[in-house]
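The structure appears right after this line, and notes come after that.
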Amino acid sequence: MATDIELIIQELRKFNKDRDWDQFHNGKDLAIGLSVEASELLEAFLWKDPECVNPDKIREELADVLNYAFQMADKYNLNIKEIMLEKIQRNAKKYPVEKAKGNAKKYNEL
Amino acid sequence: MATDIELIIQELRKFNKDRDWDQFHNGKDLAIGLSVEASELLEAFLWKDPECVNPDKIREELADVLNYAFQMADKYNLNIKEIMLEKIQRNAKKYPVEKAKGNAKKYNEL
Amino acid sequence: MATDIELIIQELRKFNKDRDWDQFHNGKDLAIGLSVEASELLEAFLWKDPECVNPDKIREELADVLNYAFQMADKYNLNIKEIMLEKIQRNAKKYPVEKAKGNAKKYNEL
Amino acid sequence: MATDIELIIQELRKFNKDRDWDQFHNGKDLAIGLSVEASELLEAFLWKDPECVNPDKIREELADVLNYAFQMADKYNLNIKEIMLEKIQRNAKKYPVEKAKGNAKKYNEL
C-alpha cells in the first residue's frame, strides 16, 4: 500500500503528465520555483509580528513550497522520508544536546 | 499507526524538544530559515546546466528545505497531506488540461 | 566625468572582462546569483534581534547583492539612477502620504 | 555637490520621512524585503530562456531590489561605493585572473 508521501508524489506526477509538463521540469527551474515560493511564504511575514500573519496565506504558500520540494525529490529519485531522517540524525551530531540546549547559535559558533 | 509524514514530524519535534529550541521557533524565523535553505539549494545550480549539478548537494539542501517546511506546517497545525492535495486540486482548476497542455505559461497569461 | 555609479559599473566590467566571464553572465544566472546573495544577507538575521547582527557580515553580503544588481542593470542597459527615481515616484503614488503615514500596510490593503 | 548615489539616498530618506516609515524599517524586515524583491525579479526568468524575459518586468523588479539595498546601506551607515569597490578588490584576489579566466567554478573549487 502506498504511504502518504508516495500518494502525494503520484498525484503530482499525474498532474504533470496530464499537462505534458515534464518537458519543462528541469532541476534548475524547479529550484527557482521552490525558492520563489519560499519567498512568497516569507512575504506574508514582512513588516509583521509573527502573530499577525494571515493563516490562509501561510497554508497556501506552504503548500506551494511543499509541492515544488516533492517534485524536486521525485526528479532526483530521492526518498523524502529517508533524506529527512538522515538529515535529522546529522543535525543531531552537529548540534549535540549538551551544547545546543536552549541556544540558537549556529553550529560553527557553538 | 503513524503515517510517514507523522513519523517525520515526531522526529522533528523530539529533536527540538531535546534542545529546548521551540522557544526560538517563531513563524517568522522559520519562514526565513526555509527561504535561506531554498536559496542554498538553488545555489547548487548557479552558472550550471542542470545535468552538471552535484546530486549530494541536492540531497542535502532539499532535506533542509523539507525539514523547515514540515516544522512550519507543524507550527501552524497544518496537515501536510491535506494542504498539498488541496493545492493540486486548486492548480488543476487554474491550469485546465485543455489550455495548459504542453504550455509553460503562467495561469494569468493562458 | 564619470558619476559614482558609472565608475562602479566600469570596475565591474573590467573585472569580468579580465576573467572572460561575460560568456557566463546570462540574465537568468545573474538573477539567481542576486537572489542567493540576498538570502545570504538575510541569513545574518536568522534567529536574531536586528540589533545583534554582525555588521561586518551585513557589509560584505550587501556588497555582493549590490554588485550583482549593478551587473544586472548593466546587462539590460538600465540606468540605475533613472529606474530607482522612477520607482520612488511610482511608489509615492501607490502610497500617498495621507493614507500611508505611520502605516505599514501593503498598498492593496490601504 | 551630492553624487548620484547620495542623491538617490536623499530621495529614499525623504520618501520614508514623509510617510513616517522609519519606525518600521528595522534591518531584519529590510533584509526580508530585499530577499522577497530579488525573488520577484528571479520569477521573471522561471521556465524561460533568458532572451524571452519581459524587459519591463526586469526594470521594475530590479528597481525594487536596488531601493531596498540602498535603504539597507543607509540604515547601517555603509558607503555604497566604498563597500562595492572593496568587494571587487577582494573578489579579484579570490579569483585571480590566471586561474579564473574563462572558468565559472566557485573560488573554493578552482
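We call the chains A, B, C and D, going by the order they appear; numbering starts again at 1 in every chain.
By definition in this document, a contact is a pair of C-beta atoms (placed from the backbone, for glycine too) under 8 Å apart; a residue touches a chain by one contact, two chains touch by 3 or more.
Note that the coordinates shown come from a computational prediction; the quantities given were computed from them, not determined experimentally.
For the self-contact between chain C and chain D, the two sides draw on mostly identical residue numbers; the shared fraction is above half. Comparing chain pairs B-C and A-C, the larger number of C-beta contacts belongs to B-C.
Averaging C-alpha coordinates per chain places the centre of chain A 27 Å away from that of chain C. Averaged C-alpha coordinates give centres for chain C and chain D that are 2 Å from one another. Residue positions of chain B with contacts to 2 or more other chains are 24, 32, 35, 38-39, 42, 45, 47-48, 104. Contact residues of chain A toward chain B in the complex are 3-5, 7-8, 11-12, 15, 18-21, 23-24, 26-28, 31-32, 34-35, 37-39, 41-42, 44-45, 48-50, 53, 55, 58-60, 62-67, 69-70, 72-73, 76, 78, 80-81, 83-88, 91-92, 95, 97, 100-104. Residues of chain D touching chain A in their complex: 24, 29, 32-33, 35-36, 38-40, 42-43, 45-47. Those residues of chain B whose C-beta lies close enough to touch chain D in the complex are 32, 35, 47-48, 104.
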